[in-house]
Amino acid sequence: MTTDRPLQLGMVGLGRMGANLTRRLMRDGHRCVVNDIAPAAVATLVSEGATGAASLAELVGALERPRAVWLMLPAAIVQSTLDRLAELLDEGDTVIDGGNSYYRDDITRAQRLAPRGIHYVDCGTSGGVWGLERGYCLMIGGPEEAVRRLDPIFRTIAPGPGYAEPTPGRTRTGGTAPEGYLHCGPSGAGHFVKMVHNGVEYGMMAAIAEGLSIIAHAGVGKGEQSVDAETTPLRDPQAYQYDIDVAEVAEVWRRGSVVGSWLVDLTADALARSPRLDDFAGRVSDSGEGRWTVLAAVDEGVPAPVITAALQERFASRGQGEFTGKLLSAMRGEFGGHVEKGRS
Amino acid sequence: MTTDRPLQLGMVGLGRMGANLTRRLMRDGHRCVVNDIAPAAVATLVSEGATGAASLAELVGALERPRAVWLMLPAAIVQSTLDRLAELLDEGDTVIDGGNSYYRDDITRAQRLAPRGIHYVDCGTSGGVWGLERGYCLMIGGPEEAVRRLDPIFRTIAPGPGYAEPTPGRTRTGGTAPEGYLHCGPSGAGHFVKMVHNGVEYGMMAAIAEGLSIIAHAGVGKGEQSVDAETTPLRDPQAYQYDIDVAEVAEVWRRGSVVGSWLVDLTADALARSPRLDDFAGRVSDSGEGRWTVLAAVDEGVPAPVITAALQERFASRGQGEFTGKLLSAMRGEFGGHVEKGRS
Amino acid sequence: MTTDRPLQLGMVGLGRMGANLTRRLMRDGHRCVVNDIAPAAVATLVSEGATGAASLAELVGALERPRAVWLMLPAAIVQSTLDRLAELLDEGDTVIDGGNSYYRDDITRAQRLAPRGIHYVDCGTSGGVWGLERGYCLMIGGPEEAVRRLDPIFRTIAPGPGYAEPTPGRTRTGGTAPEGYLHCGPSGAGHFVKMVHNGVEYGMMAAIAEGLSIIAHAGVGKGEQSVDAETTPLRDPQAYQYDIDVAEVAEVWRRGSVVGSWLVDLTADALARSPRLDDFAGRVSDSGEGRWTVLAAVDEGVPAPVITAALQERFASRGQGEFTGKLLSAMRGEFGGHVEKGRS
Amino acid sequence: MTTDRPLQLGMVGLGRMGANLTRRLMRDGHRCVVNDIAPAAVATLVSEGATGAASLAELVGALERPRAVWLMLPAAIVQSTLDRLAELLDEGDTVIDGGNSYYRDDITRAQRLAPRGIHYVDCGTSGGVWGLERGYCLMIGGPEEAVRRLDPIFRTIAPGPGYAEPTPGRTRTGGTAPEGYLHCGPSGAGHFVKMVHNGVEYGMMAAIAEGLSIIAHAGVGKGEQSVDAETTPLRDPQAYQYDIDVAEVAEVWRRGSVVGSWLVDLTADALARSPRLDDFAGRVSDSGEGRWTVLAAVDEGVPAPVITAALQERFASRGQGEFTGKLLSAMRGEFGGHVEKGRS
């Protein structure tokens, strides 16, 4: 993974992701200048070899031109940070937004910075807490020239070709995708692909979780069946008498099965640690990309029922379908005199 | 609605539906012999003109041959009652199952009774608590001869041609559909159509409820937006500043709109009585036909995403997606170090 | 329906909807000045009593102040027409957009016109080709004062209280919803409610269509079952032997059933005219409101799986899932050596 | 992978799966007697070291007691083969069904064979064309004793512990899941888990395919926008101007991303071979397990919207939503005078 062309990079935002990116870069010989609102976060990285900067101005001052500054920030504060940073940069400098910005914002930002000769690169970064060791999958958008100049940075951050077997049918030579990073297109293309990546992630996660839930409920025929006008008894209770170890199912699916995946690996790990998942209430967050993926599918007119269902399942898990449910029960009461179960 | 061919009918099961069917029949001159496990229910109908029977045997004994006995029972006890009843019947008699049996059971039951010359008619009955006055929509399956002999019964129970304007494009003369009852086909066909009817009902109900819920949440931009790594702020809060009266929306949709329907009428009524639906927790029951409709669609290979989503939305409303949600939160914790919101 | 307070209104756009609105207004004593890009459309309305205008300027000139101008135009040309019209209007005048504009555009338009004292009212109009006789359901947004001044116009266009039975549980007196029109809130609220109305419409239509399709395929067990490694034979072909008359099912559902609705009325009519629907290929258009409803649900975080599925089913009906399907077949070929059926 | 306890096994059905299982077993020292309706298939395996059998009787005759016979057959002919085979077996013998039988059939079959002392083991087998080298993931159901006796067989067929990194959180010692095979429970449990596995597979495949399709359509804003009453123009065509290399996206997702999986590996391979997938029409087969998974979810009342959507998307891809689409277009024509696009 060693590069013979070390570069200098400013890193703004030293949360889990930003800190680990910095570490991975320094391990490979790149020099990093780091900034964060939390002085302790800066101090930690300084102790590992980075140059600390107490402010954006100090960070910019510590970098040689043409500068490269990587923002690794929550989506909600990228714009304000970028505005302040842009004031400090010069023609030929490059800003990389490595967070989860909406790709439409990338288009606007790049257009605003272009007249001043500042390059804006959007870089979707996948890998989570494991990226420090595994490397991060990078989906990059922006002007060709700026992306090319940063190539040693991307190459270092990415997992590299040894991470996976070569694709047997691949005849194309060249291209950086086999190393784990890809220049997807002009401004916004990187975050567009990352956005969809997360939509795919939602769908895959849901498929795995739903399947294991069906297995976890395979003993439903053992319970007593209520007999009233509201409920039809299970027709074949004898077909649902199983008590299957869901954690072991996840474990066995890791090997040789068609669903083998990193997400199944993680699921097996979570279930090994806590077979009943008692630490969780089941209220699942969603954080932007899933929603934007659905919006894009709607705009494009492309049916994406699976990804969409995965998103809405998360909404429902947080109780956001409550009013809908109340209306349905109310309608049932109106036409059938049904009283909602559990009510008297 | 008066018929000039009054018949005699035995009614077993005097719940809301059975009692009202009996009343509607008696109003039109038919003679009814009634039975129920609750003596008080029998006494009430006797006071309104019916002949009471303390047992199935007494009911059968009070009917002239060829007898007609209508079962109006919860699905869970139809089979056992039918078994006992069948012992008491003779060749040429007819049993009508007016409840919500699974159509596959109809096929089996008809086959078992046929060798003894007993006719079995399955009759899906829609109309709910309003049927006494409005009449009931009847979807009928079974042998031609038995269905034809019971025509005066069905004609009395159905709403009749005056219920709705004639269909403009209809050129076919004859047929009973414009009166509100239909012989759909051989054994099981009636309950098959009723089953799908309920599936359609699920879908329509859900469409209305979801839409009104979207309107009820049209002020979501007024709230404070949380700003953290987990949550992307609403991009356009100014587009969600409405405080719309959902009850009045339902009321206005009743007139002239494309979604005008009995279900919207009922929704408007429910919201007029309780604008916030505080009497409901939003845990929506489902009672067999919706599930069977989905199973039929799957067997047929017909995509039915809307009806299916409506069914699963009910499952979710009752918290049955909890394990799935826990798994999703656990996976998020594994790859992103995300802690489920509300947890520490 | 006669009003004692006739008003004057300019109508721009004399397509089916605009022409019929004009007719309904004139029948009730209102005076209409009409404009359309097609002179013949103007001439027709003039022959029925309207005042013709060959241009927007002429139309504005023919109206007394404060003027009221109703735009009934395809969404794509509303903005350009409004821009030209606004140049001609004076303080105190009102523009009503009666088409299917996106409610967000209403907010922007109202804000732009407000400094000049021109009122902008957004009015979602449902009723289709039947509205001339039945009246139109109106969902109105905009400033209180302008909406109140136009009340006689809205009252004439709406179906009126006789259209449907009063809602039994309604205790509120006053309010215009029982007449079929409703001021839903400030700018955009009318089109927001109309947008969701159309989303509900998509869901209800899909529920009906899916259900009847399941019934239409109830004879699938009669066909020969292919036996190969790719296909599992239907387990219970004997349960799918029906040949049910779908048109008669739609007809019978019109009377007394829970799914009774204007959409079922229309479905029965369509099937009466063409039982096999041979005039249609099944490629279903969607026209904006359904998409926007889904976007709103996603922004609000409200699960709307049924409305969303209805939208995506339309996308799929037009073949827009083709690339997805190709990828799925390609994956199956990769892991299982499966050849897509119909290929060799 | 070498076992020190070689066993003897009869293999019936020498298609791709049966042949490769046999090869993998023989490589590890087990002795195989093979049968197929195609003599050439038997001859091939004989040339590789197996003992050939021209009939089931010959196969049974060539095995020492207690015998073990593995059926690797299309679901449609398992029952008839099993019936004939059972006639030839003795007390203490075991039949393994390694195909894709419905788990309910396993329950019935095991019950029928039990009185004669014949063990029935159901074994879901995942791995496809790659299993010979990678090993097969085995999900096993049936009586403890029979499963334990066959352990060396399962161990050989499974991928083994080296296939994947150990699960970090796993503290449990013992258990065979880390080797890639699992005794899931009593009769039917193996095929139940395999059934759900395939349901999960459907969902994951669909998530990937939908996501890549959204990326493939990211240039939709470049096209001309039609402007008519039926179609709302794309609001932000400038946000859909991308021309992204879908094959390279699949390739880059293989490394370090959250969606990394065998299915993404296969997708990258398929796209490398044929970037536009011109060999496929997009009509996606489904073969039983996906359907049964949905039926189980419905029976259990567990919401599984993602897996269900994936199944129905396949139905739709084969044109099975055509009647639904025709009805929708017919309804649109009724209420709006809309003519289906492409029609005149």
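By letter and in written order, the chains are A, B, C and D; residue numbering begins at 1 in each of them.
Note that contacts are C-beta pairs under 8 Å (C-beta built on N, C-alpha and C of every residue); 3 or more make two chains touch, one makes a residue touch a chain.
Here the structure is a predicted model, which means the values were calculated and not measured.
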Each chain counted as touching chain A and chain C at once: B, D
Of A-B and B-D, whichever chain pair has more C-beta contact pairs: A-B
Farthest chain relative to chain A (centres taken as mean CA coordinates): B
Chain A and chain B: spacing of chain centres that average the CA atoms, whole Å: 44
Length of the line joining the C-alpha centres of chain B and chain C, rounded to whole Å: 28
Rounded Å distance between chain B and chain D, as computed from the means of their C-alpha atoms: 38
Residue numbers of chain D (touch at least two other chains): 128, 206, 208, 210, 212-213, 217, 235, 258, 262-263, 269-270, 291, 299, 301-305, 308-309, 312-313, 316, 321, 323-324, 335
Residue ranges of chain A touching chain B (in the complex, touch as defined): 15-16, 74-77, 100, 102, 128-130, 205-206, 208-210, 212-213, 216-217, 227-233, 235, 262-263, 266-267, 269-271, 274, 277, 279-285, 287-288, 291, 305, 309, 313-314, 316-317, 321-338, 340-343
Residues of chain D that touch chain B when the two form their complex: 258, 286, 291, 294-295, 298-299, 301-305, 308-309, 311-313, 315-316, 318, 320-321, 323-324, 335
Residues of chain A touching chain D in the complex: 103-104, 107, 126-128, 131, 134-139, 158-160, 163-165, 167-172, 175-182, 184-186, 188-189, 192-193, 196-204, 206-208, 210-215, 217-218, 220, 234-236, 238-245, 248-249, 251-265, 268-270, 272-273, 293, 296-297, 299-310, 312-313, 316
